[in-house]
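Same chain, two partners: chain A is paired with chain B first, then with chain C.
Right after this comes the complex of A and B.
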């Protein structure tokens, strides 16, 4: 039983990271109808800056977290202006903006590699290497921190989306940008804000990733993009709570596959299970039919 | 304006197709390779400095650069400077093949340093032999699955020798009776190493209680380490490079594996392991042909030069890169007459080279290097020292 609980905790802490990345996809797709190919690389930018700040500040994780979040927001603004906005009024479908954001991400990866090299970058924060025991279950402090912090962050974001007028506007745009625009909501301003928010979240995720796993390489961004994209797709693309749940489920499924079916490739097997669910819910488990109206489609 | 860009794009596309086509069609007879004038001796370099395993390509190149600087600073080879033109293979097989064909089509190149990885080397082997162009493969310890032919030379020792000696050292020192294995399932050398660990463990009477794998893009090893902790073993036998091993050892500490014995293969020999594991790599042992602490003058010269430039101990991949250039340099220097692809091959076939990774020769005239000397090192406060 303790092995099961331990693996469940392992899966939840990994799933928390997946949930944050998947959520970034859902936020941006919701208001802009863009699959953000740069979500993973922005996580990596956040990780690298956090690792530098942690190093310079003697392991001050809060400062590192703040810096990573801020750089994420800055790159989010750049991403929106350079890779999303120019296409918003041109009706490039889903593929073209995905490619431009993917290209933006590749540029970020190249910059990170040029500055830091391709070698793994360590992330050093003193309390990350401490752990404690409850019965037979071992818990790393970093693991616990990441899980709890992510849950609190997600609750705060949930409140923001579902209990504020800004969140209401965002949901209105996600529902139908044209109608939202007609009632005085500025879809473009909202899009800028949401992309910056999702990217800030990616920066935060980078710092949390560093705390939990202690190292990363520039190329990791691609892997995280794929994971986040799949979480978002399986969740149904616009479901905030769905992305959180699927992210956590993916993490736990991977851990359970490793625990009880070690011969299986955990990544692939976990996805097979989740994708199989799409056979029964083709629009995503929490998805519904989209209006198809992207932000900016009426800006021309 | 649009038309101008369109024409430019078309020109580039046509040029690329022609260049690739030329590469594909090249043969030794059509483009007689030679480097016989008084200008530089041109070598091609193929290694991945982007993609999933970029760090190893970078390390190989860093080692090559030290050797190249030494050769050129000393006046070059028989008065001629040496130039290495590098391209990034991205550790991708089609790119390796395309680059090799491109270099093969250019007669100024007398040898290729690379591909730096085994998979790329296997893929380009037929083209090296077809073009009559030497390929020196500095990395990759997995079994070679195609005939080497006359033009492919591989430097690393067989992983079998490394693993057998390292596990034996662990048994002798710690009396281990049970173990778990962990390896990267997406790396050919690591999959081969897993099989070797199992075979060696059977020979030595070690019970393998758990076999765990992961994908090398991952840095989350908690599920695998939880399984290993539950298996209650004496040691973990790992085929894991430092990039993954560092975070793995840190996470192991958090999961109650503080007193575990860790046994690695050559991929773990990287001083950055200490930093990446945040000091939790203490006591890890690894087998390697490169004893970074050796008093051998060749090794001392290399280590000092490397530390002066990079400030850290060189890794095994740095050492392989260094040896590949010095080996090739020695072979070319021994050529009496015109430096051609053929004469470079012949010189390599008969060489005995005293390198930093041991004595290298090719008793079969090409293929796997014959090697002597595998060392078992232990991580001690950030440095590898003899075990």
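Right after this comes the complex of A and C.
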């Protein structure tokens, strides 16, 4: 029983990371119709800058978190200018921008490896090893912090998207960019803003990831991109709250598989669900059929 | 002569040949418009099938290769059924899901050695690998002269138009996947018997990137495109190392630049000009003038 509760918390905190990355996908896909192949590598860039700032500031986590968020936003602007904007006028479908953003992410991974080498970079190792004991249950300090912090962050983002006029414009562009343009919303300005926001979020995620796992490597970016892609597609690409729910669910499922069925491939389950879902419900669990996207069959 | 192949540049040449075969196989699948992100999985099925037949069942190298290739073709054909319901990037994501699942499964399956992988023989000698590349390119050259290939290409160019002239697009996608699967399986089996052992991560995301990059750089529509692309993909990290640049930076920049600036690849579609018959050129000259 105590193992169950422990794994639930572990799963929730891993799921919080997945939710944040999946959310970044949903945000960018919504306004730009782009699968961002650079989401994971930006998380890693955030992590590495956070580790440097933490080292320089003598272990100030909040400063590290802020720096990670800021560098995420900066790379988001670069990503938008170099890999998304050049394609926006061409209307080349989903494949081409996925490939350019993937390429951008690979460059980031290479830059990180050039500066820091490919061995794991440590991050607040003592913090991650501390835990509270309530009865038989051991709750990791880092896991608790990441879960609570992420929930607060998600509530703030939810307010931003659903209760501000900027959020309303963003949802209008996601719904139909040309009509939104017609009523005076600039889709380009919004796209820049949203990509920067999603990337800032990725940077934040990097610092949170570091806190939870106490280390990261440059190659982790690809893994996180695939996880986020999975979350976003299962949730249905259009649903902010759906992505959060699926992210948490994925984290908990993985934690349970690792604890109670160690012989099974933990990553495997999510992929089986993904494939089945794509085949039988291509719009995802919380998704709606989109206008002007290529969800569904190509013939017949 | 044979010592060359056990040196560094010789090994690079063999790695290039195996990647060139894999890329040629994937270009047939991609040529019908299917952006499958599971070429590494198909290759891995060929590799593991051959290794299991060789090591566990004691079957000699040529027959073990055939077993691996048949398995790869079957898996590739099954994957093409996804294309009946999904297209473009969504097909890519679904097939990527299958590929990642198979890698995770291989890590956890003791029968194929788990994360430690499987041993096999060193039977794919350098001449075998290089001659196979020549045979594959020749076979594709023959294929490209058939009506079947024209139909497959028509599906890739415009599925709806192909359908409207009576081409069975689903059948074409299955056939292309079987052809591509056979070639990917061959490359996988060669990989096994050239290295003498395989591990699951040989067939992970970086292999997918290498195969896709080779086809995009070289050119998806041409016979020699994937071969030239494979040469670039193998040469890029070596060149990058000379100027101390990380290989991911080289690959990432190459991917961005080729997609943005030259989407048709280094060698665009059709046969290269120098291979065309004089009469064809004469006819074209007559049309344009």
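Definition applied: the second predicted complex is superposed on the first by the 278 of 300 C-alpha atoms of A that agree within 3 Å, B and C clash if a C-alpha of one lies under 4 Å from a C-alpha of the other, contacts with A are read in each partner's own complex, and residues count from 1 in each chain.
One rule holds for everything that comes next: a contact is a pair of C-beta atoms (placed from the backbone, for glycine too) under 8 Å apart; a residue touches a chain by one contact, two chains touch by 3 or more.
Keep in mind that what you see is a predicted model, and the values were worked out from it rather than measured.
Chemist: A:279 in the overlay: touching chain B, chain C, both, or neither? Say first, second, both or neither.
Modeler: So A:279 only meets chain C here.
Chemist: Tell me the contact category for A:105 with respect to chain B and chain C: first, second, both or neither.
Modeler: second
Chemist: Between chain B (first) and chain C (second), which does A:129 come into contact with in this model arrangement: first, second, both, or neither?
Modeler: first
Chemist: Looking at the overlay, does A:113 come into contact with chain B only (first), chain C only (second), both, or neither?
Modeler: both
Chemist: Considering only touches as defined above, state whether A:265 meets chain B (first), chain C (second), both or neither.
Modeler: Touch partners of A:265: chain B and chain C.
Chemist: Now for A:83: first (chain B), second (chain C), both, or neither, which partner does it touch?
Modeler: second
Chemist: Looking at A:164 after the superposition, I want to know if it touches chain B, chain C, both of them or none. Which is it: first, second, both, neither?
Modeler: Neither partner.
Chemist: Mind working out whether A:216 is in touch with chain B, chain C, both or neither, as first, second, both or neither?
Modeler: A:216: touches chain B, not chain C.
Chemist: Tell me the contact category for A:140 with respect to chain B and chain C: first, second, both or neither.
Modeler: first
Chemist: Do chain B and chain C touch any of the same residues on chain A, and if so, which?
Modeler: Residues common to the chain A contacts of chain C and of chain B are 113, 218, 265-267, listed in rising order.
Chemist: In their complex, what parts of chain C are in touch with chain A?
Modeler: 33, 35, 82-90, 92-94, 96-98, 100-101, 104-105, 107-108, 159-160, 163, 169-170, 205, 209, 216, 245-256, 259-260, 263
Chemist: For the complex, which residues does chain A have touching chain C?
Modeler: Interface residues on chain A, with respect to chain C: 35, 82-83, 86-87, 93-96, 98-100, 102-111, 113-114, 218, 222, 226, 229-230, 233, 263-268, 271-272, 274-275, 278-279, 282, 294-300.
Chemist: Looking at the complex, which residues from chain B come into contact with chain A?
Modeler: For chain B paired with chain A, touching residues are 49-52, 54-55, 57-59, 185, 210-215, 217-220, 222-224, 226-227, 229-230, 242-243, 246-247, 250-251, 253-256, 272, 275-278, 280.
Chemist: Enumerate the contact residues on chain A facing chain B in the complex.
Modeler: Interface residues on chain A, with respect to chain B: 3, 6-7, 10-11, 13-14, 113, 117-120, 122, 124, 128-131, 133, 138, 140-143, 209, 212-220, 223, 254-255, 258-259, 262, 265-267.
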